[in-house]
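Just below sit the structures, each encoded as structure tokens.
The two complexes that follow have chain A in common; it is paired with chain B in the first and with chain C in the second.
Here is the complex of A and B:
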């Protein structure tokens, strides 16, 4: 502020001779100056640096030297990477459809409810406000064996055998995913509710006059008009599941990503490569792969959903 | 007015039951935090003899208070910075005509495609070179401005009529004052949406604070809780107390500001 005022005073003659348009240009670049430096230094430069680091053998102790595509070759030859790649897509393939289906059904019916509407909405929304690091511990406790674990206690009271959950290589991934789905539902429900409310009431009235059934109204009016909301949520939640980390890290701290790497997602592999093994160059190559996966998945989803 | 049909009552009941299931983990967390070690295995939701001993013990040792303050400082400063800069840039891109405007907009928007995880290693390198590891600034600097917030604010400033700004210009106000005094008050719903999102995002952030802090004095609440829980191993009532301390503030704020928060999420989701 005061810098601009000073400049104005110092070059008073020049400033007052400028047209309104010229002054506007100066104001605009003045407003953008600090943010542009920020974006250049904190976003663009690190982006290029990440690509560069991915073709070096940088570790904490050794300065970076150029190694070409060595890191990528090593990664694609690493069976752990393919396991992690599969896990990451399992989070996506299970998480996105399940969470969107539940949240749409809840939003669809909640939209028609007037009695205690905001109370019920609050119940669904509260988990969204929690910290994943805290909730992973609550769920970890739920999954314990009898007598501590709540879920196994309930199962045993119905005579259902104990489930190993986090200790089993086949059950652990869904068990880790559940809190992530749970915590995200509230956000998706609110967005669906906003989308549903944006559909003009007249469309529904016209459809009812034409004698369309509820199912037909849902298929022919609600879902097509909800498409922009749906596209947003599919892309947004897919990116979230592909980047899952907090829940996985906290639900099994003795062996993050275990048992036997069965729950390890790509971001956890990146974290461990960089900050447990200190192989920064190799980790950078993994982040580039993550970037490409996110980019391809988002573009494919946008393409498919736009065409339909 | 629609008649009350049995279908509606069933739907309402199912919705309520689903909602109850949604908050069950939170209820168990709270109830266990009010039990002493001997009652933990008793899975009644209402504790038999509720006690605040866990809270007194955990808050008394000072670390949680410290982490709480750290999280608060970080989240508040980052939120203020985003509300200021994101709306300043959004306003400039929405309301000024100058060469390069579109280029600046596309450049900022393009950073949305870059996942944080990819920037974390260069940030870490930057932080260690400049001595920012284990400092508030080190935790905060990557999030001081966001492309999402800028885009959101640009959308909203585009809805502000130019006549208002022209009138202020004729009155001789400078451009900064026009933005701050005239345009900003017209987009308060968007500002509160941005503030809520930024605060919540930083309050619950885990990945970057975990990387950039090594001394327990600088931990944010989620990172501190994680290390605390590892140390307590199976003392579940202590862990649940810590989890409650990390969770309760946002829940209480939500219960007070529910209307604004829900509207804010809707606004951000629809325009974003």
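Here is the complex of A and C:
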């Protein structure tokens, strides 16, 4: 036995002397190395670079010099930042519950529809496939005054006065949010449908035999069992609304950010700071703040919604 | 406590009929097992009794009251499902208490009922656990607990043991049987496993393709199957069926030899002679009976007995030898069955010659 092992060790190279476990480890790390290196170079390094830039005053034309927390001080003293901060949270606070409520209701009833089920599902999913730029343009037309704008047409046919929508400081943000909610519905509906389908039918049958009403079944069985789906969608859609950009940027191309910055989200502010003003250091500081907000919100949501 | 009557019960899905007008009367306190291969309509029938499927035609009466248009909750029945249908997000106690959802008992009375049921089923220690922390057998007991807690008129079981491993299945079979003995509640139990049917039932209902083939006690079905299907379905291993041609007072077997046949048939001379493997043994008892000789091809050692598969004139016949007498493969062997242990069927209609 040991004679054979000895001979193999002598004749073979390093590879043949390794145990099966060692070989598996090498194979595993060999495959893992590809995405790891990719992520390190493409994701992590730029992230750290952004952290570094946020404490410099780099402006493309000038070499970066260290300025400490100067950018952050400037940011927190900037009234525009707090306006944008409020806007971003309005997108989150309005967008997430509204979109989840609508998509759940649609999914809940669509789950029972047999007639043309796949077709209807595809219809709901279609906006998700459309580019935000095209969608924003169409919605911009919707919001025009009569006779161009469909929504104002309908309102006036009921005798309701014309609404300014995108041109109003109070209506612009909801008006921008509506297409964003609408665009995300398809995805959320599909996820909710999958979650609903995963609940065994016998749970409902047992509940019917025990005499639960539809409402009680929804409250006591469907929603609790849908919790993992719900957690996923809340976190996912929150991140989406906190990072909202393309909907806002495209719907007001001549005046990005709406009247008096009433629709400007954080990402748009970052974009303008970086690529209109070329204040890279300042933009990096804003990015770091956005990153921290996203991190905190996601962690808090996961903590709250996890099993007690 | 209740009687259940099915009267010309029909179930259609669109064009296809899956239950063809079955009649069945279940006595108060009886344990009836519906058994048959998958797709025979047994589960559909049970679900119609429960009210989970609409009845296309005919009537179901529970305690003499027509329940066709009653909601499941108004039928006062309880059902145990194959996948238990206990809720993963609730504790065992909450799951059992779910059976009392509509009852008007006070909280403490409900709690007391739940504890009582848990005691009966040996779940008292597990009441605060989640189902994920339970074994398959314990989950099944929780499901039974939820059914029991309401004192329903009848229990409906839809293949409740299919998801358990063989050992647990045997154990739960006995537990359910004992529970029925103690509670005396009318029970309808659906299974595709003939052993479950034989061991648990007061009466077995054999179903096939939406029709009832035979209703009887386990022994009646074993001793007097009305057709080839029931004969082969009940008993393990499956009954041997040997083609034979009928003549005066006897029949010539295609594998050679002849047997005495106490029946005559006006319509056919082609019959099947049936012999259960347990009745086909190496010792001669009755010269009038069946004798088959052939080469041993497979031997299954069970300990208590040895199943011997012999091949004779192209047909495989299963017999049994005593536990310690294990034949070798390739050996020549002769098996006998006495004439009163034989079954006779019309080959064309597959009906027993004994029933006419």
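Here is the rule we use: the second predicted complex is superposed on the first by the 290 of 308 C-alpha atoms of A that agree within 3 Å, B and C clash if a C-alpha of one lies under 4 Å from a C-alpha of the other, contacts with A are read in each partner's own complex, and residues count from 1 in each chain.
Convention: a residue touches a chain if its C-beta (ideal position, glycine included) is under 8 Å from a C-beta of that chain, and two chains touch if they have at least 3 such contacts.
Keep in mind that this is a model prediction, so the values were computed, not measured.
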Partner chain(s) touched by A:211 [first = chain B, second = chain C, both, neither]: second
Which superposed partner A:224 touches (first chain B, second chain C, both, neither): second
Contacts of A:250 with chain B and chain C, given as first, second, both or neither: first
Which of chain B and chain C A:39 touches, first, second, both or neither: first
Touched partner set for A:25, first chain B, second chain C, both or neither: first
Per-residue contact with chain A, leading partner among chain C and chain B: B
Residues of chain A at both interfaces, chain B in one complex, chain C in the other: none
Complex contact set, residues of chain A against chain B: 1, 4, 20-21, 23-25, 27-29, 31-32, 34-36, 38-39, 42-47, 49-50, 53, 106, 109-110, 112-113, 115-116, 118, 120-127, 129-135, 137-139, 141-142, 147-148, 150, 153, 179, 182, 185-187, 190-191, 193-195, 198, 229, 232, 239, 243, 245-246, 249-250, 253, 267, 270-271, 274-275, 280, 283-284, 287-288, 290-291, 294-295, 298
Chain A to chain C touching residues, read off their complex: 200, 202-203, 205-212, 216, 221, 224-225, 227
Complex interface listing, chain C residues touching chain A: 50-52, 71-73, 77-79, 81-83, 85, 87-89, 98-99, 101-102, 146
Contact set on chain B toward chain A in their complex: 8, 11-12, 14-16, 18-20, 22-23, 25-26, 28-29, 32, 40-41, 43, 85, 88-89, 91-92, 96-99, 101, 104, 107-108, 111, 113-115, 117-126, 141-142, 144-145, 147, 150, 169, 174-176, 179, 200, 203-204, 206-207, 210-211, 221-223, 225-226, 229-230, 234, 236, 239-240, 242-243, 246-247, 250-251, 254-255, 258-259, 262, 265-266, 269-270, 272
